[in-house]
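See the structures that follow.
Here chain A shows up in two complexes: once beside chain B, once beside chain C.
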Partner chain A sequence: MKSLYVFTEKSICRLSVLSGTRPYCDTMNEFAIVTKDLTKSYKDVVALENLNLSVRQGEIFGLLGHNGAGKTTTVNLLTTLLVPTSGTVEIEGVDSSKSAKDIRKLIGYLPENVQLYNNMTTMENLRFFANLSGLKKPEARIKEVLDYLNFNSHYNKSIGTFSKGMRQRVGIAQAILHNPSVLFLDEPTSGLDPEGVRQLRDVIIRLNADLGVTIFMNTHLLSEVTKTCSSIGILKGGKLAYQNSMNSTLAEFPDQDSLEDIYLSIETAD
Partner chain B sequence: MKAIIRQELLALSRERLPLMLFTVFVSMISVSSLIGFLTKTTVSDVWIRTREAGLTSAPNPFASLSPLYYARNSIIYIILVGTLMAIIAGVSSALRDRKAATIDLILSRPTSRSAYIYGKLIGITIWLSLSLFLVGVIAAVVISIIFGAALPASDYARLAVFFLLALPLLSGFAAIGMFAGLLSKRETSALLLPISFWAFVTFVIPQIGTAARPVALLNPVPLPPTSGGPFGALNFFIGPFAVSEQFKVASGKILNDPDISGDFSKAIISILGFAVLTSFLISMVKRTSIRGVLSE
Partner chain C sequence: MNKIFSVARMEILDIRRSKLMLSLLGFFLIAAIVSVVVASIDFGVKADAYKTYTDALAASGITNPATAPQLFPLHLMRAAIEYLEILGALFAIILGYAAIAKEKQRGTLSLLFTRPIGNFTLVLGKLGALALVWLAFVSIVVLATMLTAVIAGHAQLSATDVGRLLLTILGAWIYLLVWTAVAVSIASTSKKLTTALIVSIVLWLLVVLVIPQVGDTMDPDNQVPGGLFKSLQIAKPDETAVLANFTGYNSARDALEISSVTKHFERYTFAFLGIKDQYNQQPIGTVWAGVFINALALWLFAIGTLVISLFTTKPKTLLRTSK
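After this line comes the complex of A and B, so read on.
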């Protein structure tokens, strides 16, 4: 088994390249994701203000909020695609301002509405992303991942012929090829039919249970959050209005019938 | 960077527009050589029959021509079709990841912005050099057929240097295409801006310094620069920026064209400077621009 060693300030993590196991850290951090006073401004507009968020190892965390609440900005900051105006991001104990490249080795990312390369096959698409992640001769690993996602029969088919749900599956595959310890999913069920939503939900839960990957997802579908997430956060106007585990949240609002009611009561509160 | 280069080559081999222009480029070079072959055969046949009939005639005009003369039209095809092919390849490359929404996937991996940009440019340059190699081989074979024998080694070497010199020119225009593709918010402007730049460099700048003695721009012979006076002074400063004209000068000298006049070393510096300057230009594109969403 080949291994990739990532040396961080607080830990030495071994990312197994060919196995399907979760990255092992000699000094495992309690939290996979920590942000401190994270702020992002665009000229006069503050998209995200003083976000203090912590996501435990192995959690499936759902970030909720209206359109424009700052969810995608948060994911872009956590995935190092954006540089914060102020504040810090730590993924697995690695500070993004000091070593964004090391963070990129630790994370997998599936943005909203990813199309992939239509004139290439599943294999060609995945080989490109595997090579970008530093995997040499990744064919075996690609087959392993596609097998895990029950997608091996589409190995040599062109992405251009795929439905949205199938593309999302390839999107998930590219995100987990390099055995990331944290997976970021931006609106993963957006545009999927009910069957596609169910399949993707099963994949997310399996990834978390089998591989122990910490999953951070933005979503609008509150029913999916209830079925998938172990903890939630609610963004309101660029600020974190609420964060707790799913069980504690349901216990905290006994009068509310559903997560939707809880979300709306937090969202509409002053 | 290797992954980006490999992906670029794979993508360019699958995309319609660059492939279409590549086909036109190869066809034109082949057809131009065929036309040269037919012209030579026809004129020589007439000349031979005239002599056989005992009539007097001027010497066969093709008898004294260097075989490299038949590569002359390739200069104009490189300037007209080759550069457009390079621009389209550059624009397609820059827009591809934005259209497929894969740019965030790439930039969220341990790949730097410069590795991404230069990986693409190197990929395009390799593709262009393969195209030029193929075109060069076709030209060499067809010219040898026209000539009726294998050319002297020095002529093959001159042909090789000529097609090699086309690479920095095409690579520079590919970088201009990439620059527009990385910065533009719309696909149409990404295509229009570099083509306008190309038209300005190829057709407008050469006219500014040589307006006193205009020559057809679609001619492999470069415009003769005006000496002295305001046009001469203007040409001194603007001439080097007419990179297509400079390519005509340098190529003509390499191909031993007797009609070409101009400073060879100045032309070479101009072409290489263009390639270096444009590759520096794309290095200045910011990460936020690369990630910009296309509005159509």
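After this line comes the complex of A and C, so read on.
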């Protein structure tokens, strides 16, 4: 599946190949995500300090960092689940402090260990989230998205009977139902078996290639980052220690054999 | 509005598929019906005893001096109303608590609040769903118990009785909404769900059991069987004169009782069902005038708790406490 991009003077319109979806027009922003001096404190603890991050349109961005580095806090701030202590977040040029609701129309979100309504079917879960996203008559769109994710055979099955990998599929389906331009994935491969990891990676790459969705993911799995991400950022103690494209990163550290070595060298540097 | 309906529809679907919830509601319905059957049998026993008594008198050539026992069909609902008052409130707490707790436990709140919904969409949808559930539930309980009274107790209902039943349904519905809203607020604001449940149950104990019981115990009529003044054979005017010396005591008892929404519900329903002697067989207008203050209190409790639940169940509160 392909997306058709129409460039006009003021906007880039992405005409999704998934039928029944309205063309999504982005204002002409070079960056899908921009944070300026983004800070989040919990009483005396600073979870994130002066984060200045920029993610280009259409990138798959991987945010790396040890446990407690501030990755989930960053995603929660970007998805409007948290309010910053100071600093700003812009998604597609929309300032979250001015219109969180508008930002939510632009984003899709897959939390770590996605939890859905277990006593409901795939269709019932997705119809609920489609309605909350403001989709009118969402059934056709749901079938289309499930078809895209090769999940149509589980349309009427209860989520409670699903494996972790299958839940992730439904989670991704709910995240892309409303045709978002930015997708946030929090540890998407956490707890998946190798087959599940591979399938999810394929889905992420296809979403990015077919629909032009900018993808922001938190992950520990550096091998997956190497295979999927076009750029990375490394958080260390709540601060952005490094950000660059994947190619430039590999070129910048010619002595390191892998991303894991690069990551550890940045993490251990003073 | 469409999004609120979606939340409400999901909540109702969830309750319909919850075996625990259906078991609780089913148990309540059976208990209420059984209570009416027992009350009907009890009345039947009294009627038979009266007939045996009058037959024996007639055989002895004595004119019957005793009045026949009268069946007031609505009185058969007394136990069902008491169940609603105590168990109904507890079930309302469980449903209200569960509406929020399950979202926190499932971890679905972060998915909900990354959708473009308003601050009040979730709580309005949930409360709307629970309001519908309670309306259906109270209607079924009242209608089922009355049907049982008609079948098992051979009771005959007048048009006025139907009016009284509708007003009872309304009062019970509001009462259950109050407890639902209380539980929603507590579950939303508590950092730990176990704390929320304990606080809700303690509140239920205080408001439903302790305060009305203390108030009842302070009533001179309840301090000895048959009433203190009656047992001392003190006439009503003298009783009033005596009580005039205890205005502080009576004010304290009144203040205690009116602080409990349960007491207002009890006074309201017992009056309309004629269980309270002074309102038995009185026109609805007369009863209404007598319990207007209780009806108003029920509404004020409902409005107050609903407003509190609206402002305590916002994304900011829920996400802060759902970690």
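Keep this in mind: the second predicted complex is superposed on the first by the 244 of 270 C-alpha atoms of A that agree within 3 Å, B and C clash if a C-alpha of one lies under 4 Å from a C-alpha of the other, contacts with A are read in each partner's own complex, and residues count from 1 in each chain.
The rule is short, and it goes like this: a residue touches a chain if its C-beta (ideal position, glycine included) is under 8 Å from a C-beta of that chain, and two chains touch if they have at least 3 such contacts.
All of these numbers come straight from a predicted model, not from anything done at the bench.
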Clash-or-fit label for the pair chain B, chain C on chain A: clash
First, second, both or neither for A:S96, with chain B first and chain C second: neither
First (chain B), second (chain C), both or neither touched by A:T228: neither
Interface residues of chain A shared between complexes with chain B and chain C: 76, 79-81, 101-102, 104-105, 107, 109, 111, 113-120, 124, 128-129, 131-134, 174
Touching residues on chain A, where the partner in the complex is chain B: 76, 79-81, 101-102, 104-105, 107, 109, 111, 113-120, 124, 128-129, 131-134, 174
Residues of chain C that touch chain A when the two form their complex: 2-3, 6-7, 10, 13-14, 17-18, 106-108, 110-118, 121, 316, 319
Contacting residues of chain B [partner chain A, same complex]: 2-4, 6-7, 10-11, 14-15, 96, 99-102, 104-112, 291
Contact footprint of chain C on chain A as seen in their complex: 76, 79-83, 101-102, 104-105, 107-109, 111, 113-120, 124, 128-129, 131-134, 174
